[in-house]
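Chains: A, B, C, D and E, in written order; residue numbering restarts at 1 for each.
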Amino acid sequence: MSLLLQGLALGALTGGLYALLASGLSLYFGVMRVVMVAHPAFLFLAAYLTYTVHTSLGVDPFLALPLTVPLFFWLGVAVQRLLIARLAPDSLAMMSVLLTFGIALVIEGLLGTFYTGSYKSVSMDYATRSLTIGGVHLPYDKIIAFGVAALTLAVLFAVLVKSRFGQALRATVQHREAARLVGIRTERVAGYGFGAGLATAAVGGTVLALITPFFPASHWVWIGKLMAIIVVGGLGSVIGAALAAVLLGVVEGVVLVTVDATWATMMFYVFLFLTLLARPQGFFGGRLAHRF
Amino acid sequence: MSETVLTLEDVVAGYGRAAPVLRGLSVTVRAGEVVCLVGPNGAGKSTALKVASGLLTPRSGRVLLSGQDVTGLSPQRLLALGLAHVLQGHSVFREMTVAENVRLGGFTVRDHSRLNARIAAVKELFPVVGERWGSMAGLLSGGQQKQVEFARALMLEPRVVLLDEPSMGLDPRNTQVVFEQIDLMRRAGVAVLLVEQNARRALEMADVGCVLDLGRVHISGVARELAADPRLGRLYLGGAPAT
Amino acid sequence: KTDEPGAAQPPGQQQGPVKIGISLPLTGDFSEPGKGIQEGYQVWADQVNAKGGLLGRKVELIFRDDASDPNRVSSDYESLITQDKVNLVFGPFSSRLVIPAAKVAESYGMLFVEPAGAAAEVFEQGFTRLFYAAPAIAGDHYNYLADYLVKLPADQRPRTAAYASLDDPFAQGTAYGLRDKLAAAGVKTVVDEVYPPETTDFAPIAAKIAAAKPDLVVGGTQFEDSVGLVRALQELKVQPRLAAFSTGPTLAEFPAAVKGAAEHILSPVGWSATATFTGNQEMIKRYKEMFGGDANEDAANGYTVGQVVEAAVNAVKCVDPTKECQDKLTQHIRQGTFDTVVGPLSFDDKGRPEQAHMIQQYVKGKIEIVLPEQAKTADLVYPKQDW
Amino acid sequence: MRTVSRGLPRLLAGTVSRGLPLLLAAPAIAYPWLAPNYYLVYAGALTVMYAAMATSWNLLGGFTGYVSLGHSAFFGLGAYGTGLLVVRLHVPWALALALSALLVTVFAVGVGIAAVRVRGASFVIVSIALVSMMNLIVQGWRSLTGGSTGLQVPSPFPGLHRGQTHMVFFYLFLALLVVALLSWWYVSRSRFGAGLRAIREDEDKAESLGVPTGAYKVAAFALSALFVALAGGLYALWFGSLDPIFVFSILIASYMVLMSLLGGVRHLYGPLLGALIVAPAGEYFLIALGETQIHLTATGLVLVLVVLFMPDGILARFTRRRAGPSIPDETADQRLEGVAP
Amino acid sequence: MSLRTEGLTKSFGGVLAVNGASVELRDGKINGLIGPNGSGKTTFFNIVTGMIKPDSGRVLYRDRDLTRHSPHRVAHAGIGRTFQLCRIFPRLSVLENMLVAVRRTRLRELLAGLRDTGEVERARHWLRRMGIEHLEDAEARDLSYGQQKLLELAAVLMAEPDLVLLDEPAGGVNPALIDRIIHLVRDLNAEGRTFLVVEHNMDMVMGMCDHVIVFDRGAPIAEGPPGLVREDPRVLEAYLGV
């Protein structure tokens, strides 16, 4: 019983992290129709940068954020302006998969070249202790990850839904010419939108560096899981992705402690296919049915 | 004669590397005047409006706004100079609510009280905008979307308005509303460049008519006279009006 | 075809340098150990050449990168043997890559001595020319530790053990070797968890172990997961009396990655920097000169392959890719005993080495050999301190 | 009056395309005998295998526009199916190959029914998930598949030495390639093919014209899976060692996509051309840049460049349609003839 | 009796798009369907053609129940439709656009080479009737909007439908072309095809239709010959306004 509780607690905390990692993906898709396969690769790029900052300056990994977040933001702007913007709009979703797949390979190759293929890790003292409540251990690193995730998501949500920028971004994606005609600088806005997505990757990468060792090819593992999350949540719905992330995190945690790791990972795909059969547009997305 | 507000001068424009769509087009619109462009599908009417509003940079020729050369300026800049453009076809932001759509029409306006006054006004003109205020715009019927678009364009009070087939898909009552609005704008001294396939109706209310074909103005003149020209009528305006 | 089996070797083949073809995972998942083995091979070649070469001919190593991919590894050996017409081939890294590579070598009748295919399955494929040049196969890595624990007085002996291993023939093989021996001696297996390579979160596995409160925790691990497991066990406050992990703790990055928790962790190791086996200290010295750092087990394994083959070539006095010569070399290795940096090696009829791995432990932050008796540099600390 | 005759993929139209198969076939058949050594035969067989797989992929991707990054799942299943039938049930290899391809096709029908419910990006994601899932299952089901240890399949031609085996498999893969090409050609000229292309352009519209889009998509999905599974089965017999991580790899599928895109998905020979470029180039990158992971970067860059600058492939360059949209019925002057200015 | 619906109802969230619509078409005639924006005309089309499932009600065609059939089965039953915004297959050639339509689904017919059957001849026949036969090799997206409209209609006719539903055929089309479309529809009707046309262009409706049905708020409020409907006070109030 306590094992189950433990699994549940760990799953929920991990789910929070998944929510952060998937939020960027959801953002690109929801507001830009771009499937960003390279998101996990950027996560690990951020993790490596965090590692470099941590080892060369000896500071807390979170202190890398003031450096990595703006860097990634501008990197995102560049990727959008120089690459994504060149894709033909009618095949954007598809071609963006292939394009970003290529980017992921480029990043992996560069990481391998500069950091070698070996594992790197960032360990802090607080990352090995835990809070114990009623026999359930809550590791501090996961609590921190959860907190950071929640905070980032809140900021993201506020920016997207409440701000003028968010409005402009969504308008840009939905009808670029019309957006320009109401006075939105669409190129800039689209670039910033992509930048915001990559900025979440910077935060996610730092958190990831703190809780798991990594090597250049690590990102492959995450692609499947994160993609499953955003499909279950409903492609493009940031909130849907967050809820699906927590749900799948909990399911994974419980299955891990009751069955085994293979089945736990399998759950992501089982849920994915169940979602397809029951509600192809995902559980929270697809408010807009096809119009004829 | 009142001052010329918008002038296209020998404009040559096209898409990508393809042959030009507009081949030396010249049009002039004065304040308080409705100029109506008619012509077959693909003649370049929409393209002409896109050049005027800055969506498309011409390959040669000039665009003048109140005498000032604005060729190649971005739509944002032109908007600030008082030029609005309602696109052809459906250009609502489909996955945003009607409210968000209409408010975005006033994206450049920071003055909230002015915005709210405009919102109240457009809601009155198009009741459906008010009724479906919170619905996703993409879910409205074709004609309802068209009304939202028009309402969005009315959020700013522009000096020059480019309208690309504003009555397409609208029922007779709403068509009437749109034409009344155009008339109101004209009275308020706005310069209107109108593209209409409902050509007889449009020419009846316009001041100047231009027949555009293959990227050039072939015939232009007083709108009512054009509409009455029988040969022209057969070619461009369809069979005689049924009354 | 020029490479038809039995086709006459061009005369140039009999002179010139001795070409040795090697495919290694220089990139991809196994690139780190791959690099180590490459360096070991290079140190060996350098020393042989300094001594005048093999049978008076210079040794030239031809490396190919297989990107840790079994498809590539086959095509590499294929091209090395048929296109580059190498005199000898040396093995790649990892059990997963050794089997496809050995298949190619076998079908072209080449001797195949390899540094890293320790999984039991490697030796069950009916290869006749394969030899694993290290002290023991995966299942035997923990033999000394098993003996030690079984011989403890009954009241001190661990009663329960938890096993968590990576789904990989080598890593899993090591843990299961220990499990089988301890289970036979009455140590109860309370957790036996296998996780796929893509696992990144070890907390739930640790939770399972925590719930079982075992005396002994054994990880059939590589690096990433050994670190993940140690951290997760720490977080969930599991305090076993003994903890052992394969591979991970033998790497230099390990203590830093787990912070203070490395203390008293055990690990099987096939080679020791302090041992005085034939050529060991020379190898370490030359390694430092060539690559700057300290030699590790992977480099030693590569070097060992070179030593074994070198001895065979010198004994039978031929180094051609022809069937007769390769047969003679194979024959010799099957029967002989070879002095190497990991100790004397001999092989059974399937190519398995017949010795055992040593056991290392972090004692006061330093790696010490604690088992077997005759090689130890410190005493085994048991039970371990809390992490 | 046919003033506008343009590059519609009318494949048998020109004499060039009629002669092309023969032109290609001769050197292909002679290749193993011309190759100076067996390594090159091996590399050739590998290239032909990729060409066959890319062409099969294109049966789905090229016609319907559904980009699958998950075809390595069928490759892997075909390989494991054949291997397991041979190893565990001692089925003769040819029968095992056919049986396993059949099973995979049935499986693909099932998966297809779920997968083609979503379009565009979601489909890509689902296909990626399919590979990961199959990898997990095959790796986890140790008692059947041997799990991470892999599966060793005995050679079907124990009497032949390795080089000869390569030659045999070169021709087997070549036969598969020919069958795949013929299928593509056959489908492309049929009403079924027209329906599939219509799905790529506008699915709802196609449905309203009476095309049973669901059934069409599943059929294309299964057909394409069938050939990839056959390639997988042959691969298992040829290569002899199967490892779940590497047969169920997104990279294999992405090679199929890259090859097809590079050559041109709308053309019969597009994927073949792509394979002839990418496979040797891959070898070259590994040999030239193999010491570091920079070769991954090179592959990635190629993909990026293809997507950015040649989204329609190389062949599209040569059959470029004449630029200039909109065809007027008649010129303005014709229309205005007799009309007062 | 060609098409009959009984109490069709469909609501989206809170919006009742179609509200108990019972409609009967005149067989062999040109039926008009008019109504204010948002009165449910397109939704009605979508339900009849199977693209949207109704909440309740039935669709009967030649006494066969087609309710909830998928769109392709509705097409096979002999109902063709065009869309409010012209939809063609942009990157297929004009001829290929024509060959997509299927009426029969036997496997042999699906797999036979298109060029070996009489299909191409039939396609050319329809293109000729639309007056766009000279464009058969052009990519459809290169056609002008009006030509695309004609192509869409021609493609629908390839399936030999007995009932053709047209959603705003005159929307965005230049007046000269509207005349041509009216003539075409009349000719096709004379050959025995039934039409149901949604249109806001009153000239077109009045000049072409034999029978007009007026929708308001998702249900018919009046029907009859165009001349009569035009005078109906309910129609004046709901639709024609002023």
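Definition applied: a contact is a pair of C-beta atoms (placed from the backbone, for glycine too) under 8 Å apart; a residue touches a chain by one contact, two chains touch by 3 or more.
If you're wondering where the values come from, they're calculated on a predicted model, not measured in any experiment.
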Which chains are in contact with both chain A and chain E?
B, D
Taking touch as defined above, what minimum step count separates chain B and chain C?
2
Can you tell me which chain lies farthest from chain B, using the average of the Cα atoms as each chain's centre?
C
Counting C-beta pairs in contact, does D-E beat C-D or the other way around?
D-E
Where the centres are mean C-alpha positions, what is the separation of chain A from chain D, in Å?
31
Distance from the CA centroid of chain B to that of chain E, rounded to the nearest Å?
29
Which integer distance in Å separates the CA centroid of chain B from that of chain D?
49
Separation of mean Cα positions, chain C and chain A [Å, integer]
37
Identify all positions of chain D at which a residue touches two or more other chains, and write them in rising order.
136, 139-140, 204, 292-293, 295-296, 324-326, 328-329
For chain A, what residues touch not just one other chain but two or more?
112, 117, 220, 262, 265, 290, 292
Which positions in chain B are in touch with at least two other chains?
40, 42, 139, 235
Please name which positions on chain A make contact with chain B in the complex.
164, 167-168, 170-171, 174-175, 177-185, 287-289, 291
Contacts from chain D onto chain A in the complex sit at residues 65, 67, 69, 114-115, 117-118, 120-122, 124-126, 128-133, 136-137, 139-140, 204, 250, 254, 257-258, 261, 292-304, 307-308, 311
Quick check: in the complex, which residue numbers of chain C touch chain D?
1-5, 26-28, 31, 64-65, 67, 69-72, 74-75, 78-79, 81-83, 95-96, 99-100, 103-104, 107-108, 119, 121, 125, 167-169, 172, 196-197
Partner chain C, residues of chain D touching it in the complex
35-40, 42-43, 46, 136, 139-140, 146-150, 152, 161-163, 239-241, 243, 245-246, 283, 286-287, 290-293, 295-296
Given the complex with chain A, which residues does chain C contribute to the contact?
27-32, 35, 167, 193-196, 198-201, 203-205, 207-208, 210-211, 223-224, 227-228, 231-232, 234-237, 253, 256-259, 261
